[in-house]
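In structure tokens below, several structures.
In what follows, chain A forms one complex with chain B and a second complex with chain C.
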Partner chain A sequence: MSPAMSLTAIGLVIAATIGIGLFGLRISRTTSDFYVASRAVTPRWNASAISGEYLSAASFLGVAGLVLVNGADMLWFSVGYTVGYLMLLVLIAAPLRRSGAYTLPDFAETRFESAVVRRICSFLVVGIGTLYLLPQLRGAGLTLRTVTGAPSSVGAAVVAVIVVINVAAGGMRSITFVQAFQYWLKLTALAAPIFVILIAWRSSEHPVGLLDSLHGAGAEWAEPLSTAGGRDHPLYATYSLLLALCFGTMGLPHVLVRFYTNPDGRAARRTTVVVLALLGAFYLFPPMYAVLGRSFAPDLIGAGADTVVLELPGRIFPGTVGDLLGALVAAGAFAAFLSTSSGLTVAIAGVIDQDLLRGRLNRVTGGDYLAVNGFRIAALLAIALPYLAFELTGRLSLADTVGLAFAVAASTFCPLLVLGIWWRRMSTVGAAAGLLVGGVAAITAVLVNVIGPPSGGWPKALFGQPAAWTMPLAFLTMIVVSRLTPQRIPAGTARSLVRLHTPEAVDVDRSFPQP
Partner chain B sequence: MFARRRKHFGTPADKATYATLHTASLATPSLREGLTPAAAGKASKHLRDLLGTAAIAICDSSGVLAWDGVGGPYESNHRRDAKAIAAVTLRTGRTAVLGPHDVACGDPQCPVRTAVVAPIVTEDHVVAVLVAYSPRSSAALVRATEEVARWVSGQVELAELNKERTRAMEAELRALRAQISPHFIYNALAAIASFVRTDPERARELLLEFADFSRYALRRGGEFTTLSDELRNVERYLVLEQARFGERLKVSLLIAPEVLSVAIPFLVVQPLVENAVRHGLDGTTGIGRITIRAQDRGLEAEISVEDDGAGSDPEVIRAALAGESAGDSVGLGNVDARLRQVYGDDYGLVVETAPEAGTKVSFRVPKYSSGVHASA
Partner chain C sequence: MSTPDAPRRIRVTSPRTSAARRSTSHTGTREIDEQTRVGEVYMHSLIQSQLRLALAVILGAAVMLGGLPLLFWLVPATRTFSVVGLPLPWLLLGVVVYPVVYVAARVYTRNAERIEAEFTEFVGRK
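Let's turn to the complex of A and B:
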């Protein structure tokens, strides 16, 4: 792999990202034509943008690494990351859009009319966001180390600085076209090397048997529910992982913010369908890298597994072709960190600014502060927290950390959204209790993993993949506490649910009764 | 140090005063809600502390609002009688003292034997009475009860004033309806009339635009709309203005598609555009350029309308926004007041202008604000 070429490619990605962010809007939307200007973002564009923001370092590098080490069970990561959108589509996409909420705390406020529930949601958004940003930074460090040999904290710092500059300067806010571009860049960067490799392999004189490694000693690797890679209780771990991924997606702060761009509930559903297709296409490729890696880079099985996507092109094609493909993959990986980190940072910074910082800053400055500065301070905090966490922790693989972020989301926001949208008897106390119980349980599991996971057996499985017990616990708490406190069902529940579930075209009174 | 602190706390008489004032302040918040059973119930405990009697009751013509003090069987007995005890004072407005003959229940253990009934008066009407029950009455208790009742009267009067103020604010809010300017209607119809003979087809199209514009602007119900609907209406408005100004009016748009679905109060952008057209074109014969921007600012959307016209003195604009002048920027004042009403004082109009430097009017709206929902 040639550092110069890869660095150039990474530089181009950064420049293109910032460039489109700053100037793209200006070029594409200055017009004197109202018809052009007031056209909403189409579901296709929006879906590309959602996918672009969603496909993170864990998808781009982590999935291939996990499959390479742990075998067929890890294919569920690909499936789960995608199926999460199916759950979102079926359960919440349209009602959530109709609620008019922009962030998760907004939804909590509009549905439960409670500042306390809103506050709990704000803290959870920051927690989940931090947990999700952590692997992005680690991925960036890993990529730069693989490309140049620099220590991994350099890459993490580079991404953190670029993101904070970009977000604070106002570029790349939530600009749909930038994120849409990132999706296609990532897909190209991941797919092109595979196609080149496959073509070269077919046209070679004596093709190496690509699947040879799956026979004999490697057979266990290809078997489902094997314990290859040293994971105990594979059946429990698989189900728990699937639960986390399927139900965690709906609780990711940067995903929901994007749905606001849809003009109505119907467009939100269409967007989700397209997202399913786009993600399905993308996730075909990481497992291919893992299978090829099994044959061509078996030395990476172990600590270096997360770099298999970056290393593979160079291993197969020593020389210029390999360098070019390596540069392309490195660029795609950087696009993954940048888009996901920026989206997350914007989403977290917004919540920090609005719910945690604004009141305090106003008190300190006596009301004399600019909203813009508050957002900048919040953006700095939003990326500083995970950067500190990155410096302090170092055990977990990329996809495992992301899996834990999903588990926390599935144990908190999933029950809040699903029950909040579909259950009339949900009380404010029930919502708060469920969020707290689910959140505390899941975050405890995360901390156990970070500080020092149990050495093996059931404790390791239960804490390594907590969703299978934390998510039902949160649901149960919400239901039981709600049934015990029927007097605390929000007064506007019936009106809220009418608004959530009635298509926009139907003429009903959606306003809140005036107090 | 020790001596100073003692001096600081004052004499026993001072301490008694502080304690009384403190107890009174505890009763204030509930009394400010007006004389409802709930508020009276919360206040009565503190009022009894003030008087130091066995029990007190607050009654109005409909019955007992609140009772505090001895409970159990005593309470139920005396609660029943309270209405009768209160009746005379409620009618006459004079303090009455009732002895055991009228009050006592026959149980020798019961501390409720006499009652002092003092009126609570607002605006010359007896709205309720305060009844202080004790084993025996004294001139001091009568005096104290009267004073407390007078103090309660003051608080209840303040509560009434509060309610009046809320009503006045609601009336103001209703008066702040979106307005379309009569000038525009006149000018648009005049411009259409000029096409009737020369270009009947165009006149017909313009009339249809005018009809659509009116339907939007005069609609009933829903206070809010989406930015994209509001922009569509601005387009109709500009088509009509272009009929009048022709090539002299140039419009460019810079709209971030992400904010098109933001809910905004309806008719807030159109008056700004109308203002820009007037400032950009009136008084000149050259070309006027108007730029309409809508940008994504994270949790908020920022909308601005800019013209390159004559500009104006910032003081004039300030007066118009403060509602002091009925000058030609009256539309701005209305938009400013409505935005503040909906989103709070942080979200008013921002006007940047100077003579000969054009005018830029901008405002921000949060993407989500509780109670704000676009209605179709």
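Let's turn to the complex of A and C:
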């Protein structure tokens, strides 16, 4: 791999990101622009942006690394990331858009008419967002170290600084353009090396077939439900992972914020359908890197697995072709860190600004400051926190850390949204209790994994993939507590459900409950 | 879902004179706004139809996707069974699942929009 070429490519991605961001700044004028791009993004743009934001370090580097080590069971990661959007589509896409709220805490407050539920949601947004930002920063460090040998804190710092500049400059409007561009860059960067390899293999004889690692002797790694990668109880782990990914997607803060940028509920659905096509196209490629890596980079199986996407082009084509492809892949990887980190930072900053900062800033300045500047300060805080904490998750692989963020989301926001949108007997106390029980259970599992996971057997499986028990626990708590406290069902529930479910073409009263 | 309520709707429609006076008001939306029993029935039937559709998609996904690990678990031969040069799990999880999910999303969206169009037709447009 040629450091100069890769650095140039990474530099170009950064320049393009900032360039498009500045272009966005020229048309980004109001606070509404900053938060939700004034809700005027068309489905096709928005779908590219959503996919660009969603495909993170875990998708670009992590999935291939996990499949390389553990085989077919890890294909469920990319399947789950995609099916998560199908669940989001059928359960919450249109109602969430029609809720008319800016952020998830906004939704919680208007639906449950409670500042306490809002406060819990704010903390969860910051928590899940931080957990999700950590692997992005670590992936950036890993990429820069693979390319140049620089310490991993350098790559993380580069991403953190650029994201703050970009988010603080243009907010959501410019992020939409940047992320749409980054989806296509990521797809190209991942697909091009594979196509070059396919063409090279067609045009000449090679001693090693492309799919050799999947067949014959030594192909046991490729079988599903194998414990070869050191994972016990593979059937439980597979189901728990599938649950976390399918139902965690809808609870990720940066995914939710994106849905508010659709013009209406119908557009929110159509956007999601396009997203599914874009994600499907992307996820065809990471497993190919793993299959080829088994044959051409077997030394990476183990600690270096997360770098297989970066290393593979250079291993197969030593020389200029490999350097060029390697530079392209490194650029794509940086696009992945930048886009996901930007989206997360916007989401977390929105919540920090509204719920933590605004009151204090008003007190300090007597209301004499620009609302946009509050958002900028919040953006700085939003990424500083995970940057300070990013060494903590060192022992987990990229996709595993992200998997835990999904598990927390599936155990908190998923039941809140699903029951809040579809169940009119849900009480405020039930919502708060479910968030707390699910949140505490899932976060405990995360901490156990970070501090030191159990050495094996059921404890390791249960804490490593907690969603299969934490998510039902949260649903159950919300339902049981709501049943026990029918007097605490929000007074405006009927009006809220009208607002969430009636199509925009129907002229009904969508007013919010007056506090 | 609309047939049982249809006769009632005709009964509550205003006579011609008052319709001329309040040409913009629609009975269905007013029932919903005033949260009458009828309005609740309208909303309940809309939410139930959408929820049934969503649950149908989830059930389909659960059976098809959730069935795969079980299949691999119960019939070990499927773990290595080769189709068009790829082991079956790799073909299903790496390739086939994506177009299937996309088609499911298209079908869902068409049906959800149909339910909304019927509801809009039923309670009256803007």
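Quick note on the criterion: the second predicted complex is superposed on the first by the 470 of 515 C-alpha atoms of A that agree within 3 Å, B and C clash if a C-alpha of one lies under 4 Å from a C-alpha of the other, contacts with A are read in each partner's own complex, and residues count from 1 in each chain.
The working rule: a contact is a pair of C-beta atoms (placed from the backbone, for glycine too) under 8 Å apart; a residue touches a chain by one contact, two chains touch by 3 or more.
No experiment lies behind these values; they were computed from the predicted model shown.
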{"item": "Touching partner for A:A505 - first (chain B), second (chain C), both, neither", "value": "both"}
{"item": "Touching partner for A:F375 - first (chain B), second (chain C), both, neither", "value": "first"}
{"item": "Partner chain in contact with A:P263 - chain B first, chain C second, else both or neither", "value": "first"}
{"item": "First (chain B), second (chain C), both or neither touched by A:Y102", "value": "first"}
{"item": "Touching partner for A:A349 - first (chain B), second (chain C), both, neither", "value": "first"}
{"item": "Shared contact residues on chain A - chain B and chain C", "value": "505, 507"}
{"item": "Residue ranges of chain A in contact with chain B within the complex", "value": "25-26, 29-34, 37-41, 100-103, 106, 109-110, 170, 173-176, 260-264, 346, 349-350, 353-354, 371, 375, 499, 504-505, 507, 510-512"}
{"item": "Contact footprint of chain A on chain B as seen in their complex", "value": "222, 226, 228, 231-232, 234-235, 238, 250-258, 260-261, 263, 296-300, 346, 364, 367-368, 370-376"}
{"item": "List of chain C residues in touch with chain A within their complex", "value": "26, 29, 32-33, 35, 40, 43, 46-47, 50-51, 53-54, 57-58, 61, 65-66, 69-70, 72-73, 79-80, 82, 85-87, 89-90, 93-95, 97-99, 101-102, 104-106, 108-109, 112-113, 116-117, 119-120, 123-126"}
{"item": "Parts of chain A lying in touch with chain C, wherever the complex brings them together", "value": "72, 75-76, 78-79, 82-83, 85-87, 89-91, 94, 211, 214-215, 219, 222-225, 235, 238-239, 242, 246, 266, 269-270, 272-273, 276-277, 279-281, 283-284, 287, 422, 494-495, 497-498, 501-503, 505-509"}
